[in-house]
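For reference, chains read A, B, C and D in written order, and residue numbers begin at 1 within each chain.
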Amino acid sequence: MNVVIVLLALLGSVWLLAVVEGWTTTGRLSLSAPLLSGLAHLGRESIVPRTPDRLFFEAAPILFLIVAVLGVTVLPLAPTLVIADLATGALFINAALAYVLVALIMAGWGPNGAYAMIGGWRFLGQLIAYAMLIVMPITAVAMRAESLVTTVIVASQESLWNIVYQPLGFVLFFIAAMALAFRAPFDLPIAEGELGGGVDAEYTGVRRAVLRLARLTLVVTLAAATVVFYLGGWHGPLLPPWAWSLIKTLAVAVSMLLVGRYLPRIREADLMRWCWTLGIPLALVNIIIVGLLVLVVS
Amino acid sequence: MTAVLIVALVTGAILFGIGVYGALSQTNLVMIMMGVELILAGALVNLVAFWRFLHPESYSGQMFVLVVMTVMAVEMAVGFGVAIARFRAKGSVEMEEAGDLKG
Amino acid sequence: MYAQAFFVAIFGLAAIGFGVWVFRTSSMVRSALALLFSQTAVGCMFLAMQTEFLGVLQIMMMATEMSIMAIFMVMFMMDPGGLGGMDMTHQKRFSIGAGVIAGGVAIAVALLADWGPVTPQAPDAAMQTRELGMELLGRSMLIFETAGITILTAMIAATAVAIPVQTLANGGDKEDSE
Amino acid sequence: MIEVTKDLPRSADGLAMDWLEVPFGPVFSGLPGGLKLTLTLDGDGVTEGQAISLVGMVNEVEEGKEVDAETFIERLASAMPLASVSYRLLACQAIERAAGLEEDPATAQARAVALERERIASHMGWLAQLGRQFGFAWLTHRASTLQLEIRCASGKRLAELAPALQALVTRLGRTPLLKSRLKGIGILPSDATGLSGPVARADGNAGDAWGRLWQRLDEITTSLDFIKAIGEPELPVLRNIGHGSGTGEASVETPRGQAQLSLTLEHGQVKSYKLDTACRHHIGLVAQLVEGRELGDALVAVGSLDLSPWEVIS
């Protein structure tokens, strides 16, 4: 039962997010637009490029979608509304999302095209920049909760949300999450103005529809993770817990979509340099501060 | 229960065998490293199986798995460092063309 | 118990299958990703053997490690797509022999040895994670720290070996070579 | 494998890799349409590159096919869709001089205002293009809306739009990441010749893409002040030249740089002409600007030149 509810919530969030995305790009607020454009994708010809690595080409969009959905399985909507309450939930979501990289490399290599391949390998470089900034803030979150279980992490924020307790960690995690979801300004692997679509460039028809769906799902997954780790999950007055989780998730997801509109794409070298020379020391400082707080408070 | 242990150990052994074959038969440094990774994966399977079925009360077994994972990472880092240096100097990381490394 | 044996066997077969594929395909990216899925299957075996933390860790670490393997394959092979059908092996008989003997001996030991009593119940996952943490930062702290330092040393050493030799002429513009 | 790699050219990092020759354009969202950029890529780095225009015009009137002055002006203006007013003005001036007409101060002023208006519109178009290249959706949207408004705006409307333009400039100055994206990219070689327009004027100021951005933004402010001081813009229309003959030369500072036109007029018919534009010289800079750069930086460098492929005369 939980599986159905969580997946429906995920699907609904993705759909709302697609509506918002359409609204920001075209200026029209239309509830049916995502469905129509999805149908249009199905109707279009599915072009397969010349001499592709067929296996990778076909498998990449599906793998991408699967890992994005897998990430959600450990994130609770409400105290009991979670698909798998793993003992290592906070680590599991990392493991699942690491395969986004694999999917993108497959999607980059598969079509046998220069733009796509550069896009795929670019994401590998991007991973080296953001990976530490995903894991280290989560470490600090787990330190406070004294557990890797996501429901315990949410429960630990009942009196004070982590965004107040460790604001530095939140900022780092939010930025790294955007880099992981390759939303603008971190959209190096697809970079419309630089690579003409990058890993998306060679995909058409059904496969492209799956890729776009997977990308939006990934945004929702990461927004939900941000909510669970930093924004107190289901905690909130008046409304039922699941409603709070959904509202917060959508708010974070929409903010991830909107930030990119007001920023130019970051340079690859700058991303790498700032993540390693600024981001990782700050993440370490965050861990130390949280460690001190945990020791002093308890 | 012993059956599960045996299944795991046999899997580990076969992975080890494949790894040995790969490490010996491949001519490219990176492919050899893949063979070594498979050997270590076989070792990991055995370690976890031993911990789970023989000594679940002692966590040194899990600790050992972490050390082997570290070794895998170190092997990758050093291997690729050497590969880049070799490729820069000679334009190749093929074993057949590394006769100059013989004493 | 049967379920456990079944899943261990299934993931074991997957690991072996992908492991064989690593050396059977001529496309280098495929072989790196086959190794990745082989390692992932090994991680799933850990999960099937109720070793949750290590399984998830294995699955997470191998994704990045093997992707990096893939890019090095593309860099150092002149025919990464495997379209030219180059033969990349040598001393075939010897290696097959060595592989079969090594695997065979290990299997024989696995089958013949007396493993003694097997513990049916594993500690639950939350308990394991907790105990492993206690072990890491308690009795085995020195080993753990050493492992960390080893990785750091390896990283620095590998980078030092890999970066181009700076000649005096272009020693000034270090910014560019990052 | 040594046989394979030993003859490969070494890239900057000393590793011999396969190089890819990748076309960018003629239809590419990060570059002006019609421009074809061919880059040789070594991973994400550019080892060499060159740009050609697929839509540039040919610098000749066909033998025995002289056209009358009005048609010539229309043709030239429509051949340069990115700066049609400038070239209309250029053609008008050249023909009027060839016919021996005196300068009329009132017309000249109104024409100058039209030219400045086009300069603002053209720079807005460039900003929109920059936004497309950077995935900077807000800038693309804002700048292209303004460009459409300004193209045909009256003097009064321009005065109304001035605060919006000023706000855009301030906003760009405060946008994070923009400076790190442009600073130090596309520095012009010191021995470059034939530069004109914003590219040349920004040369004193570090001469990088960041300098060129600010040069263009400054020009927008200057043009606005000019229009405010002078008055209404008026599209250049050819004055009555009768059946005049002679040769005439004119040069106009188009949004992209100096354009020169010299032509021979016979009985009100253009017999032959010679056109020289700034983009013709600027396109030659591309090879030097992209060499050894990362792909993203190389495209920024090309974009910062504001090449109009239509104005590349072959």
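By our rule, a residue touches a chain if its C-beta (ideal position, glycine included) is under 8 Å from a C-beta of that chain, and two chains touch if they have at least 3 such contacts.
The shown structure was predicted, so the numbers you read here are calculated from the model rather than taken from an experiment.
Enquirer: Find the most central chain, measuring centrality by the gap between its CA centroid and the centroid of all protein CA atoms shown.
Expert: Given all protein C-alpha atoms shown, the central chain works out to be A.
Enquirer: Counting C-beta pairs in contact, pick out the pair of chains that comes out on top.
Expert: B-C
Enquirer: Between chain A and chain C, what's the gap in Å when you average each chain's C-alpha atoms?
Expert: Result: the chain centres lie 26 Å from each other.
Enquirer: Would you kindly tell me how far, in whole Å, the mean C-alpha position of chain B lies from that of chain A?
Expert: Distance between chain centres, rounded to whole Å: 32 Å.
Enquirer: Report the inter-chain centroid distance for chain A and chain D in whole angstrom, where each centroid is the mean of the CA atoms.
Expert: 40
Enquirer: Let me have the rounded angstrom distance from the C-alpha centre of chain B over to the C-alpha centre of chain C, please.
Expert: Chain B and chain C have C-alpha centres separated by 6 Å.
Enquirer: Taking each residue of chain C in turn, which ones touch at least two of the other chains?
Expert: 53, 57, 68, 75, 128, 164, in rising order.
Enquirer: Where in chain A do residues touch two or more other chains at once?
Expert: Those would be 121, 269.
Enquirer: At least two other chains touched by the same residue of chain B: list those residues.
Expert: 84, 87-88, 93
Enquirer: For the complex, which residues does chain A have touching chain D?
Expert: Touch residues, chain A against chain D: 24-25, 114-115, 118, 121-122, 125, 184-185, 187-188, 191-196, 260-270.
Enquirer: Touching chain A in the complex: which residues of chain D?
Expert: 20, 22, 24, 28-30, 41, 43-44, 131-139, 175-178, 180-181, 294-297, 299
Enquirer: Which residues of chain A touch chain C once you look at their complex with the stated criterion?
Expert: Contact set of chain A toward chain C: 51, 53, 55-56, 86-88, 91-92, 94-95, 98-99, 101-102, 105-106, 109, 112, 121, 124, 127, 131, 147-149, 269, 272-273.
Enquirer: So in the complex, the part of chain D that touches chain B is made up of which residues?
Expert: Touching chain B from chain D are residues 1-2, 5-6, 8, 14-16.
Enquirer: Contact residues on chain B for chain C in the complex?
Expert: Residues in contact with chain C: 1-22, 24-31, 33-35, 37-38, 41-42, 44-45, 48-49, 51-57, 59-60, 62-63, 65-67, 69-70, 72-74, 76-78, 80-85, 87-88, 93, 95-96.
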